[in-house]
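What follows is a pair of complexes built around chain A, which joins chain B in one and chain C in the other.
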Partner chain A sequence: MKNKQRLHKHKNRAQREITTSVVMLLPAILFLVLLIAYPVGKVFHDAFSYTHLVNKSMEGFAGLENFKTVMRDPHFTQAIKNTVVWTVFSVAGEYMVGMLTAVLLNQKFKGRAIFRTCIFIPWLVPIIVAGMTWDWMLNPNFGIVNYILTQLHLVDAPVNFLGNKSTAMATVIFVNIWRSFPYYTISFLAALQSIPKDLNEAASIDGAGMFRRFFSITMPQMKTVSLVIIFMHLIWTSINFDFIWVMTEGGPNYATETLPLMIYRYSMKKFNVGAASALSTMMIAMMTILFIFYYRMRTQAANDSN
Partner chain B sequence: MLGRKACNRLTKLITYILLTMISLVCVFPFLWMVITALKPETEVRQAVPSLIIHQPTIENLLKVLFDTGFVKYMRNSFVVASAATVLSMIIAVMAGYVLSRYYKRRIVKLSNVGMMISQMIPGVLLLVPLYITMQKIGLLESYFSLILAYTTFVIPLCTFMMSSFFDTVPIELEEAAEMDGCNKFTTIVRVILPLSVPSLVSTGLYAFINAWNEFMFGYVFLSTDKYRTITPAIMLFKGANITDWGGLMAASVIAVIPVTFIFLFLQRYFLEGLMSGSVKG
Partner chain C sequence: MRNHMKNHLKKWTALLLAGVMSMALTACGSENTQPSGKDTDAGQETQTGAPADAGQDTAKAGNGETIEFWTTWVPGGDIEAGSLDMIEKFEAETGYKVNYTVYTYDMLHDKVISAASAGNPPDLIWGLPEWLGEFHNMGILEDLTPYYEKWEDKDAVYESVLSALQIQDHYYAVPHEMTLRALEVHKDLNAKAGVEVPKTWEDVLALTDYYEKAGVYPYGIAAAGVRSPQELIVYLAQYGLEVCTIQDDGKYKNTWAENPEDLAKAAKVFQFYKDLVDKGVVDPASVTWGYEETDENFATGYTGMYVTGNWLEEREKSNPETMGDVDICPIPYPSDGQPATYIEAKPQYIFSDSKNKEGAFALASAVCSKEWQEAAFASHSARKDVFTDTIWSKGFANLADDGVVFPPVTLGGITQAMIDSIAMVLQDGKSPEDAASWLSEAINQSLADSGELSE
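Here is the complex of A and B:
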């Protein structure tokens, strides 16, 4: 009898917990379903149908027609190449600068807090402001960067960094690194502070130099953080629209057009929703593959450390 | 071979040199932005740019604020960002609490996975369907479209930030409150939230800064001047006045000031909260 009562009470509590969970999670779930899950489904659906933003008479099942339209676009291969270059070089640069600054800031010295604040500032401002300010500094006529470079005799004549096909991509990547690396710094700093100090000291007594210590002790400890950060940024960078749009709008002559800009071109300029959705679907597929790789590496890393 | 002391000193010197250089590159663009904004037109368009302003003027700032409607854009940004912050905080506190306390329940685990996946899905891929949906329900030219979009995309990280804080609040506190006859709602409001102020501040800041800085949705969802927020306004300002760099930099200064001040005062909370959320996510 007593047992039964306890069981009943237990069941009651479990029931209550589930009800509370559902009620409290409901708003979040509602938002994510309506504004993320549903649109994702819509993208998949539209990718295989004729859909036009203005011309509503275009409808019906399209099969693979939208994918063909996109792949026949003369700038499609260029856009894929651009996306890869933009993503890989941005993330590599951000990682290196982020790691360097984190290691430097992890020491004890006067003025550390000031340096940390300075270094964090670029991440804080709107991308549009960062883009415009660099746009102005890189201006070929009145820009300060060109002035400094010519004064130092590094270039003979002012360079139109953003207007020149051969320099535009590198410039946008540079500005992206400048604005995004602080996030790496902060994350790495948090990870570095959790590495036990005596490990480093012991190695130091054994005669390991600064670089040896960094590669043999610090780097292995940073494996998980690095994996998370790199993966997140591979995705965030490859799908970033704002930066390139603000600085070059994909130009000059499509030299900096990445896939997100192409999606924008198809949807908001050509109003061809079907084709834009086909592009989005391709990107989601690529991201899923990336995610599977990441997931495997992460489980492996977790197994290694156990 | 260098002695240990000399070696230490050398390391320190290199550290200072490198950090000074990096900090300079980080901060200089803002300095230059402010300098340009305070220069008169003739000094802005000079072949030899100078760090010194010969005749400082606030003409650019005044012109941008009152002739081109940036007061209105700022107000719009403020309304949208505040509403999105409040909304996402309420949602994140509730979801974060459940994620922290009832993690063993299957539905909670599922929601956690759902949030992690949502976090990976970028806004630009959903731009078209969101645009069409907003068009259909008639929210396109209003604050609501932006508030809803901004709230949605910060929910996952805000929830993770809150739940990793709730993990540190001892459960005994709640049990005591429940003994005293509080229900869940009053327990959270009276007992847990007062303890969570630092974490609420950092999560709220993240949501606010995110909404204030967002560009794409504001640019696409709103075409009327009435509801325009500050980031698309800057982009359009550039297009309309291709050579007015003084005005453009003044507009940038105005857009940056609120965020910078908030950050400088609350940076300790902000950085800590961000770290805990990012490690968990």
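Here is the complex of A and C:
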């Protein structure tokens, strides 16, 4: 009898705990369902449906038709190439400049605190402001950049940086690096400060030069932070829309058109929400693969360090 | 002592960092946030009576109801200044409260599509005529014909403007501004180059030594952005070509491919663009420019002549030194063609899901009233009885008879194809004939995508 009562009490307590857990989790679950699961589910649904904002005769199950529409688009291949170039060169540039500035700012010199503060300024500038300011600075007629280049006789005539197909992508990448590298600098600086000084001192006594110390001591210690920051920025950069839109709108003549801009054109210019969702689904799949790759590398790095 | 100094330096550094961050956050906060009605001195709290010539039925009918109004005026410009005064008066006279928000056209377009698709559009917006067809096809516009029947003031509006706002004899918008395109000319620069104002394309293409003499390019083109299709439609119309024409079934089609003569004329238009660049009549960099660059270059005297609108009147104040010599002339046309210009009958849209349609039409008709038009659109009014004694009014009014407008179809894909076709010739080195054929096909493909192609 006592055992039964005890069991009953235990059951009641367990049920109460479950109920409490559900109630406590409910806001988070609602948040996830309404703000993440539903929109993502709708994108998947629309990717396989005929959904057009203007052409009401387009409705029903589309199968893979939207995916075919996207892949038959004459700008699709170019947009993939542009997305890869934009992402890889942006992240690589940001990493290198970020690392260089972090190493420099980790040295002792007068006014270091002021430089550490100032270097963060580009990251604080809103993308729209940065994009539009650089747009005017690079203008061939009025821009300060062309003025300086021509005054110094570095170029014969003003260069139309954003209007020329051969220079537009490199220019947008440059501006993106300018704005984003401080984030790397700050992250790397924090990591550099956590490296025990005696490691470097010991290596120095053993005769290791500056570069040897950097590649044999500093870089291995930066592996984890590098992994996190690189993969995070690979995803952020590849899905970035506003920077390129503000500066070139994907032009000249699609030279800087990336996949997010293509999604925008499908939905807001052509009103083909089905095709836009199909392309979004493809991007989500690519990002998921990237994340799995990152997760495996991270796990491996953690195992190695253990 | 040293530690004390160090701490002191750290404190100042932290303070500097905090200052920088707060300034940046302020910039973030101010980004894209044009003043909304509640945040400004537009005075929405006052209420009484109706404007003398606005919707009579809604006089004092506002009863404190709010009209959500999304507008596109340029902050700090004359249109904003005149309109804010008139909004205050409108609120005082009608009892409505006007909650306005300012956007750029691109932002407004996307926001309206999203809001209307979700069934939550504003009550009234100031938009572009290019959106009429797509909004109508989306089924989000309110049929304003019943309102027009009661609107006494409509007879004061130009017939060409009213007809541009109709689809199959039904009104879907109320005008708020009418602009025309003309060749705006820097007389002093032309005198320096020793040339007369060109009347034909051939005259324009003969201006090859203008740059040497005047130090600036004689002509301008916008080969990218929203202005580009508006220029192309004019040059096509000068050869009697339409982007697409209505067919017997009520749907539309581009018919150039069915008529080799039309296709040849379209090719001539693209050849004109190519010659302008090849002969150095326009700045080579202009092959990728939008209206931001071309208007700026004209206003600051970097271009001798440019086809643009009377909104540049505002630049007389900002650039008095370079805008003082401007004259308004007809747009050059091919010697085997005809004069044409683009009429931009700028509409105010009310949506079928708008919550306050009565108030929205009262405000829209008030915007089109003589008093409001004189206050905000004196030189570019949609009304026949509002004009000024300046070149910005008279010079343009003379050209109205040759005006063309975009057809009332979904234009997103079509205007993009028009921009792409110019890029094919000027950037990809394709032949004008190829560009003309491609554009004809692309227009029909876009019409097919939106379900508007006549089979």
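Everything that follows uses one rule, which is that the second predicted complex is superposed on the first by the 272 of 306 C-alpha atoms of A that agree within 3 Å, B and C clash if a C-alpha of one lies under 4 Å from a C-alpha of the other, contacts with A are read in each partner's own complex, and residues count from 1 in each chain.
Throughout what follows, contacts are C-beta pairs under 8 Å (C-beta built on N, C-alpha and C of every residue); 3 or more make two chains touch, one makes a residue touch a chain.
Bear in mind that the values here come from a model prediction, so they are computed numbers and not experimental data.
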Chain A as common anchor, with chain B and chain C clashing or fitting: clash
Touched partner set for A:Met71, first chain B, second chain C, both or neither: neither
First (chain B), second (chain C), both or neither touched by A:Met219: neither
Partner chain(s) touched by A:Leu53 [first = chain B, second = chain C, both, neither]: both
Greater residue coverage of chain A in the superposed arrangement, chain B or chain C: B
Which superposed partner A:Ile263 touches (first chain B, second chain C, both, neither): first
Chain B versus chain C as contact partner of A:Lys165, first or second or both or neither: second
Contacts of A:Leu124 with chain B and chain C, given as first, second, both or neither: both
First (chain B), second (chain C), both or neither touched by A:Val40: first
Which superposed partner A:Asn139 touches (first chain B, second chain C, both, neither): both
First, second, both or neither for A:Gly251, with chain B first and chain C second: second
Clash with chain B (superposed arrangement) - responsible stretch of chain C out of 2-10, 20-28, 164-172 or 236-244: 20-28
Common interface positions of chain A, toward chain B and toward chain C: 53, 117-118, 120-121, 124-126, 128-129, 139, 141-142, 268
Contact set on chain A toward chain B in their complex: 17-18, 20-22, 24-25, 27-29, 31-32, 35-40, 42-43, 46, 53, 97, 100-101, 104-105, 107, 109, 115, 117-122, 124-130, 132-134, 136-137, 139, 141-144, 147, 178, 182, 186-187, 190-191, 210, 225, 228, 232, 235-236, 239-242, 245-246, 260, 263-264, 267-268, 273, 276-277, 280, 283-284, 287, 291
Complex contacts: residues of chain A adjacent to chain C: 52-58, 113-114, 116-118, 120-121, 124-126, 128-129, 139-142, 158, 160, 162-165, 249, 251-253, 265, 268-272
For the chain C and chain A complex, residues of the former touching the latter: 9-10, 13, 16-17, 20-21, 23-25, 27-28, 31-32, 109-110, 113, 117, 134, 137-139, 224-225, 283, 285, 287-289, 293, 296-297, 300, 302, 410, 412-413, 416, 420, 423, 427-428, 446, 449-451
Residue ranges of chain B touching chain A (in the complex, touch as defined): 11-12, 15-16, 18-19, 22-23, 25-27, 29-30, 32-33, 36, 44-49, 90-92, 94-95, 97-98, 102, 105, 107-108, 111, 114-115, 118, 120-122, 124-133, 148-149, 151-152, 155-156, 159, 184, 209, 212-216, 220, 230-231, 234-235, 238, 245, 248-249, 252, 255-256, 259-260, 263-264, 267, 271, 274-275, 278-279, 281
